[in-house]
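Got some structures for you, see below.
What follows is chain A paired twice: with chain B in the first complex and chain C in the second.
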Partner chain A sequence: MAAMIAHAPILIIAIPLVAAFLTPLVGMASKRARNALVVVSLLFVAFLVFALARDVVTNGIRVYTLGAASPEQTIPTGFIMPVRIILEIDGMSIFMGLIITTVALASLIYSLHFLKGQTGQARFYSLMMLLYAGMMGLAFTGDMFNLFVFLEIASIAGAGLAAYRANMADAVEGGFKYIVVSTIAGLMVLFAVGILYAQYNVLSIAALAHYMQHTLLDIIALGLLGSVFVIKLAAVPLHMWAPDTYTVAPAGVTPMIYTSSAASMYALYRVSFTLYGSTIDTTTLGRVVIALGVLSMFVGVMMAVHQTDIKRLMAYHAISQSGYMLLGVGVGLAVLADPVALANYGRNAINGGIFHMINNALYKGMLFLTAEAIFFRIGTRDLNRMGGLGHKMKCTAGFFIIGALAISGIPPFNGFASKLLIYETVFKFNPVLSVIAMFVSLVTLASFTKVFYSTFTGPEIPAYKEVREVPKSMIIGMGILAACIIFFSIFPGVVMDTIVAPATEALIDQASYISAVMGGVP
Partner chain B sequence: MSVLAYGYAVWAPLIWIVVLVVIGVMVLIWRNRGQKSYKKGTAQTDIFLSGVRVPPEGQRHVKSENIYWGFFEALKRLYSGMMKPHTGIVNDYILWLVAVLAIAILILAVSG
Partner chain C sequence: MFLVALGYRAGGNAPIYTDVPQGPMVLPVPQALNLTSIVINVAVLALMLTMVIQIHRHTGSLDSEKSRKLKG
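Then we have the complex of A and B:
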């Protein structure tokens, strides 16, 4: 077991990568064997992620150096800086790993029945595993170049999946927009990495943070990286691609692409806190992040409530919810250099933002799945053509209610716990921001009331008399996320102590991240 | 385990759940004590809409586009401003990226 934990960082990335390439081959022999392969590999990887999470929470940061005599040997003998590929897993990385794995499991199980009878399933599962590997790599990587590589893997797989329903013109358009935006974003990351490498001759995040001089070139690299991650996480005003892509992606894929946006948010935090933390003016950077957060919350929700396409509406809500996370973490970043304010409310503001990340991945993922369940049965996303579905799709309606109440921040659901934390801490920073956040929650509730009324209530519509509840695998997929939401709602203290607080601590504690790789190097 | 302490506030969802369950039970008891002598399928259970003729079943549902009509009407100018940048053209998305990049670098360089 100890050996497995020691090699878990690389296994978590390698297993889905290998499974991705084996899937089409196994699929040629048997479709059931192919499905079993992806499910079993993901279950095994999930076991490794949970075991690694326990290890990181108990023993602290774990590093894994590829090609070294021992995985812990980050700097080769005779060298003064790291030259090998290093995976570095701290509280924040594993927190992201847990989000990605939970959503991936639910999405995969949901997709099993959803795809029945459709062509190109081998490619679908292959891309799904590639997307998972890309996101996990992004969360675990300890160097900037591999951050670019994994970002590219996730982007290419995500675009392929978004355009999976190639018979629908808007799906191809959604996939095309995603790949254009992602490719330009990827090139900008590569350019930024080049700037940093040209100055410091290292690619390791810890080593770069150690040697960072705060030159004008560093600021340009930060601008490039920040803008790229902002467009990838779909914050206003760089959010426009998200509704176009989320809306058309098939069931199971939308929560995954949305989670890859959360992974980009993780990358933004990693760069802001860990790479640049002590060398830049975090107050200004924090204020920029807050401004993006407020814009995203407000514009996202106002655009959402106006939509009549159920998935487009949810896509705008995804943008709006990202705003809460940016707001919470932005406040923490803005007071990072002020120990008193950080202790008073900054740390809890980051806790709120981070807690909201996992809450949102769960209920937003589930809401996307309920929207696709409706589309699966009635073949339209147009709310104007829906009604009375609650008579036949009782489970889906139940899951929708749980998700809608959670996203609107209604107690006792988990969305309330993280939003309350954000309201209270942000209020201490600036009361106006807190009022805006509460207003956005109110409009969110109004928006989901509209969806619930339009979709599930009212008399049965004659055209949908034959509609039935969705198949079991789809219910299990939604059920996994619903169960997590209920657990997180009842036990917010456990979640906070075991995964959220260590993630916040990892973000704030730049010195530990650096010393895990650099050791005593001056 | 269930309590989330912020340092200046406490969130205890179990208390909320207990209160909600108690309220739910009270509502059920109250409902069961209600009038039971009405006759189903007669005018007693028909929908009453202030004397206006009730539309047939298939036409009763208010369409999604009509919900919150007053809200959108009042905020027409805000919405027209917000819709304008949402052109759906990928070239425009990239232009926005370039603009944000330039502003971000400027702010970071000026603030030092």
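Then we have the complex of A and C:
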């Protein structure tokens, strides 16, 4: 068991990769075996992630050096700096890993039945595992270049999946937009990595942070990296790809792509806190992040209100919710250099932002799944052509209500817990921001009320008389997420202490991230 | 090119450890990075081209202005 945990970091990335390439081969022999392979490997990885999470929370940062005699030996004998590829898992990485794994499990189980009768299923599962491996790699890596590689893996797999329904012209268009945007983003990362490498001759994040000099070139690299992750997480001025891609991606994929944008948000935090934390003026950076957050929150929700396509509407809400996370963490970043304010409200602001990340991945993922369940049964995403579905699709309607209440921050749901934390702390920083946040929350509720009424209530429409509840595997997929939401709603304190607080601590505590790799090197 | 130029040390030797001559060596890492990024970009390009083919099938045109089903 101990040996397994010691090697868990690489296994968590390697198993889905191997499974991705085995899937089409096994699929040629038997479809059942293929589905079993995918589900079992993901379940096993999920088990590893949970085991590793326990280990990280109790024992602190775990590093894994590829190719070293022992995983803990980050700097080879006779060298003064790390040259090997290092995976570094701290509270924040494992927190991201937990989000990704939960959403991936739910999406995968949901897809099992959703895909029945479609062609190219083997490729779908294969890409799904690749996307999972890419995201986990993004969360676990301690190396700038591997950040780029995993970002590209996740982008390629995500674009392929978004365009999965290639018989629909809009699906291909959405996928194409995603891959173009991602490639540009990827090239910018590569350029930034090049700049950093040219100056310091290392690629490890910890080592870079250790040697960071605060030169003009560093600022340029930060600008490049920052804008890349802002593109990828779809914050407002750079959000144009998100509604298109989220709308057309098949069920099960939308939550995954959404989670990969959360992983980009993780990368943004990792770069701004861990890589640059102590060398740059975090107040300015924090203000930029706050501005982006407020813009995304407000513009996102305003664009959502008038949408008639159910998934497009949800996509704009996703952008708006990302704004909350940016706002919370941005406030924390702005006061990072000021210990009094940090202890006073900064730490809680980061807590709120990060807690909102997991909450949002859960309920937003579930809402996307319910939207696809409706599309699965009636074949349209147009809200004006829906109605009375609550009579037949009771489970879906129930899940939708849970998700809608949670996203609007209605007590006692988990969205309320994290939003309250954000309101309170942001109020201490600047009351106006907090008022905007509450207003946005109100509009969100209004918009979801509209969706609920036009979709589920009203008399039965004759055209949908034959509509039945969605198959079991889809209900289980949504159920996993709903169960998590309810658990988080009842015990927000437990979640906060066990996974959120260590993640915040990991972000703030740059020194121990560095020393985990650099050891005693001056 | 940018990446390879980064690792170049004037008058350096190829970074092959067996039978290494005296003197500075060219940094091997940027070359590895470059190869990786080339491989990745080939994959991206292939994916993009397949999508372009699909779009052409649907719209009968390669003009991106005509591929505008998604709005709003």
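We take it that the second predicted complex is superposed on the first by the 522 of 522 C-alpha atoms of A that agree within 3 Å, B and C clash if a C-alpha of one lies under 4 Å from a C-alpha of the other, contacts with A are read in each partner's own complex, and residues count from 1 in each chain.
In this section, contacts are C-beta pairs under 8 Å (C-beta built on N, C-alpha and C of every residue); 3 or more make two chains touch, one makes a residue touch a chain.
As the structure is a computational prediction, the values presented were derived from the model and not from experiment.
**Student:** For A:Asn201 in the superposed arrangement: first (chain B), second (chain C), both or neither?
**Tutor:** A:Asn201: touches chain C, not chain B.
**Student:** Counting only touches as set out at the top, which of chain B and chain C does A:Phe191 meet: first, second, both, neither?
**Tutor:** The second partner, chain C, only.
**Student:** Who does A:Leu22 touch here: chain B (first), chain C (second), both, or neither?
**Tutor:** So A:Leu22 meets neither chain B nor chain C here.
**Student:** Would you sort A:Asp244 into first (chain B), second (chain C), both or neither based on which partner it touches?
**Tutor:** After superposition on chain A, A:Asp244 lies in contact with both partners, chain B and chain C.
**Student:** Using the touch definition from the top, say if A:Phe176 reaches chain B (first), chain C (second), both or neither.
**Tutor:** A:Phe176 sits against chain B and chain C alike.
**Student:** Name the chain, either chain B or chain C, that contacts more residues of chain A.
**Tutor:** Tallying touched residues of chain A, the top partner is B.
**Student:** Applying the document's definition of touch, where does A:Leu295 land relative to chain B and chain C: first, second, both, or neither?
**Tutor:** In the superposition, A:Leu295 touches no partner, neither chain B nor chain C.
**Student:** Per the contact definition in the header, classify A:Val39: touching chain B only (first), chain C only (second), both, or neither.
**Tutor:** In the superposition, A:Val39 contacts neither chain B nor chain C.
**Student:** Both chain B and chain C contact which residues of chain A?
**Tutor:** The overlap between the chain B and chain C interfaces on chain A comprises residues 176, 180, 244.
**Student:** Inside the complex, what are the residues of chain A that reach chain B?
**Tutor:** The contact residues of chain A facing chain B are 176-177, 180-181, 184-185, 188, 216, 219-220, 222-224, 226-227, 230-231, 237-238, 240-241, 244, 280-281, 284-285, 288, 299, 302-303, 305-306, 308, 348, 383-384, 386-388, 411-412, 416-417, 420-421, 424-425, 446, 450-451, 453-454, 457-462, 489-494, 496.
**Student:** Could you please specify the touching residues of chain A with respect to chain C in the complex?
**Tutor:** These residues of chain A touch chain C: 83, 145, 148-149, 152, 155-156, 159-160, 163, 166, 169-170, 172-176, 179-180, 183, 186, 190-191, 193-194, 197-198, 201, 203, 243-244, 247-248, 307, 309, 312.
**Student:** Considering the complex alone, what residue numbers of chain B touch chain A?
**Tutor:** 1-9, 11, 13-14, 16-17, 20, 57-58, 60-65, 67-68, 71-72, 75, 78-79, 82, 85-88, 90, 92-94, 96-97, 100-101, 104-105, 107-109, 111-112
**Student:** Could you list, by residue number, the parts of chain C that touch chain A in their complex?
**Tutor:** That would be residues 2-3, 6, 27, 29-30, 33, 36-37, 40-41, 43-44, 47-48, 51-52, 54-55, 58-59, 67-70, 72 of chain C.
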